[in-house]
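As structure tokens, the structure follows; a few thoughts come after it.
Chain lettering (A, B, C and D) follows the sequence in which the chains are written, and residue indices restart at 1 in each chain.
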């Protein structure tokens, strides 16, 4: 029954996240990278239906055979699927039918999980829960992007306190000696296939900044001509910035000469002490070059993270604070490693030596994206509780910005 | 009070058309050419608010000042406006708020129209009503396009009988002598500025087909290689057809070797006797060339239409039949001239000699589109009751197809 | 032998025009609309080879069978053809081989034309000569566009006096009474199929400006915010201007606050008295609206042109002055009607009533472009001698500007 | 004087490579990735003029100040530069002027290098020579791409024997033990900054295929549905292949059911024994996945290469064989490691730990491309003599194919 509890807690959080959205909010898709909230709710349900119920529950009757086509995403082996860029056109089934679909699958899953299940089934359920948690974060990222396009700048959760009142604290450097270190997931708890196999890598001695770069520091970069001078930019980065007329991170807006920021609580003044977010890899890299530093590799980050406090897995799923907070001055060691902002690393997203995808359609989860994307580490304020660990590898293209992505510097000795 | 009745009848029909749509249906925009149903409901309201209430009702208080920005369309002189292609991103205000906006404006308009009004006000109200009728047709066109992108092919109105059972009848030709004829709107009833001034043109003797081209005849064209051979196509037409992989009119689908058609009642078999619809100008012109004929000029059409029965202005606004019907065999003269399908003419949409747009923002209505578009005449099954006359000039780009557009042949003697 | 003289004079002028260009100049294609000079030389040769020699000279041996594919343009019925946008990739055959091709065909044509020929052959030769004259103008237009992209701004003909020293003269209006007038080509001399049939049209009384709009007047338009304010623009025009960041006509450049102009003689100061050139239809229309006037229809222009002096057909093909000249003050009546700049009309390029294309591939000459293009009249400084007449219909898309196109105003009475 | 000999040998080879090209061949640019041959000749000259003569030869007079603008490439710090995609528009200066430019700079360089020079100057000359060698290969790659677009498929060097007659030999595997190994450039000879610093990496035990994949094996992949089934493809790879309708490597053409290949000697039959070339990273990766193997990392490749024979630096620059040859059966160990085809590795192109770009404009050489590109190793048949070593890192985007790129498999133990 623990697995059922786990299942129901995850499923319930998704519904809770969507519950403050209207039917209109849930249907719109703001760009090809994003998906409608309604689609996230249905696709995560499709995952359980396809890989658990249809595969292992012989008596299961699907609610509507069209859903298998509509709510598949990139699982080629699971059959044909609807065009990604047109998810916003699927106004029917509506949110009521999607709710019904969720309840239908939840009931069948409850029946399955009240019985003893094989280890394989348990693993698939755990994979489905982690998959759904990823979509919980995507749902928040996507709704933020959607609302940012609305001239009236709606708040996802108006009551949210979008930042702690906090002063900026100085950035320090922490040193880590080189040598052979072990990276990748350790232990028997769940992890994604891309965190395996655990293996050794050779690091050189390096330093990590003890906190994230702040909005105030980013304003310094802007005022120093950071977006006007190609000197510190990667060539692709500069062209992307020029083509898209970037002059600041995503969601920053200059109003009457002042920088404001669009958050899940709406538009408000920037707090210079809060960490800068919604950066592309290109911007993070350009800043680091301008600052005479560099981005950490994913293994440097992971090695450093072993010294930081892991987030508490049983944090209540409140989401009352979906905006990163300033680094506290009373902490020591590496601050803001987990749960504030995903941190760009200089590592391209590649398979670990000996990587093996799971067989079948669930194996399409990670490996097929292992080109052109770069690794981020650490989780963010929109990451679901318990869904963060030191070996966790998130990945995005260097050009995208709608994720909660920030910047921690590294340097050689 | 007649004007108020008129106003309320038009406004009520819009709400009736939208009432069968869900909140999800009303928010999506399927392409830059189309608009969400919710937007149509709000924009038509904005028209009355902007040009009547704000201009002439000193005590009027607007419901929300943001709406002026959100629901303006192309009226440059009326202030800045939201990007056309992103109308589907405006999930808030939702359909409830739009409904409230409509009631708010309707109440203020009722107060205005229960008083005696100037001729100028009466004219603007009439313009607003005609404007809203145009958006009623657009709402149906747009929802049809949206639903066509949904793999489950929803029906706008499931009970609709989508075509009369009817045999195809032979096409005949009717001759019209040349000479000087008067074209443009006659009389004192409402017309758009583009129908004026009434003026004389010189026609040569010509013939018009007595009915529209049918789906059965279009299948002949397809089977004769119509879409595979550039011989009969305009150069731009051929390139457009190739680029978009056109193999049939919009909304035709080949299922198991049979042509089916997507209608407002869903997907069904084609009836060979029904007129072929959703043609681009390019396709209509290619067919005419293939058939050894040509398209009529708009003035040939208008001259011919004087011999046809006008549609009854008091037809009930039922919309139980939003699909064109086969030509009846018991009619004589020009059949299917009005209210079945808009009929492409060979005339580019240009100003009549002495054309003057109305001063101010309402004058942006028609004149600014007088390049690159071609004239269609006759109205269609989705045109609002009473909104058709012989001098009415509709216009679209030669490449678009989401309108209810068909084809009537003409030829020289 | 007169026909042979005619043929050789036209062919010789083409070679003369190309002779000042290097091999490098002759191979480059600056955009899909243009063609390499080498291609113009070869394609005009292909025309005579295909429609005369292969069709009527049984003993003719082609120089290279690949040329039929490489140098066909849009003649679908004449076989497959090379992609238009990639003409600049055909570096071989080079200019030497193209010169040889021309001599090969010229010799065979000379043999044919020293014998008596049928009327049909004579007509095809005349068509070929006119076709080649069109490409002579295109060659000059295209090389001007190509050179304009070179930062060193080369001159096609450095010795050219690019403008007469001349004061601006006031613009007057000439009145023309309405009524039925005959338009289209009259007489038995050569014309293109699109100038036929001669037919009657009904004009209303109108006025034509007695000269073209000057660069000085265009600067007034710019300084009045003409490119910054959508009020006077067609909707498509405004979007095109914004998308392409138009701030002045093609080839105008602001250098140190002064307007300069790129000509076939290189970059130089603007002469305010010279007629403004290289306008899109959109710009011409916006100017006319801003000036409280309009563009003439093609039939108004043609009717007015009957009162102007036709250009002398035996003007020597000097091309020492490929830049339009200011209107002389000692002329009366309509000035600058012929041979200065093509003049935009408000008429879309459409078939005349009863238009019939020639049968076969040569019939693809004109009719297939009769949509989306607008008519220009009058010829320009780059038009070949004798290649202009009152009924001549040139046509371009409203958005293009690399042609020598100017603006004459019209207005209603 | 050794340096002068070195300089002149490199410069002379460039002119020799260009000498078989016509003026027309040298001016065309086939796509934004490529450059005209004339531009390569001028840009390499610009490098010596800018970084040596202008910087270190006080009496140097430049031939034409416009060349500094026209022939800069991406060196932002060296001043503004002409748009990359429009290099084919620069028809003037022509090949004669470019030849003069080369002679002008060569003479000044000869004067400089007959005197004793500082170590810094000597290093810059060596950098310039290596830079020019890279452009020699690019010149061959680019002219091959250009000629491939010409329907008559010209040969760059018609006398070339495009492949050795040779049987295919079986592929074997060679094992390499894991452990800490040193990578990066060793010794004092020239290398690029991206090969430094030499550093240690930790390898796991792996195997390398002893030869490249052949065309015959690639045909097996095609016939097994390799291009029709997404299973083995990276997601980005599959989308790229679909969007570009890839059905075979670049330059393969199916003629009457047989695969032919376009080479620098023209179009000919494929030899199944020759190594497959002009692959994208995506295709190489898909093949490896299909074959149950993977690509080597760049360090595995470099470690393996230490066991292979280095190419002879004093090979005569004949370029009589610009097409890769089949692996000989009489060789042992790793065959085809050097000088046949660049070999894709699974390593993204990233800075080595402690990487430092050279200060100033020459430092823009490599570092700014260190994102989105992948490393290739080994050199190819078009690489200049002496321009290959085990630590050499070439890099291209995963989607490009106009380079001489092939595939060697690796696998885990």
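The working rule: a residue touches a chain if its C-beta (ideal position, glycine included) is under 8 Å from a C-beta of that chain, and two chains touch if they have at least 3 such contacts.
For clarity, every value in this text was computed on a predicted model and none was experimentally measured.
By the document's definition of touch, chain A and chain B have no common neighbour. Farthest from chain C, judged by the mean position of CA atoms in each chain, is A.
Note on chain placement: the centre of chain A and the centre of chain D lie 38 Å apart, centres being C-alpha means.
For the pair chain A and chain C, the distance between mean C-alpha positions equals 58 Å. Residues 22-28, 30, 38, 66, 69-70, 82, 86, 88-95, 146-147, 149-152, 154 of chain B touch chain A in their complex.
Partner chain C is touched in their complex by these residues of chain B: 74, 76-77, 180, 199-202, 204, 230-231, 233-237, 281-282, 285, 294, 346-348, 350-351, 353-354, 368-372, 374, 398, 412.
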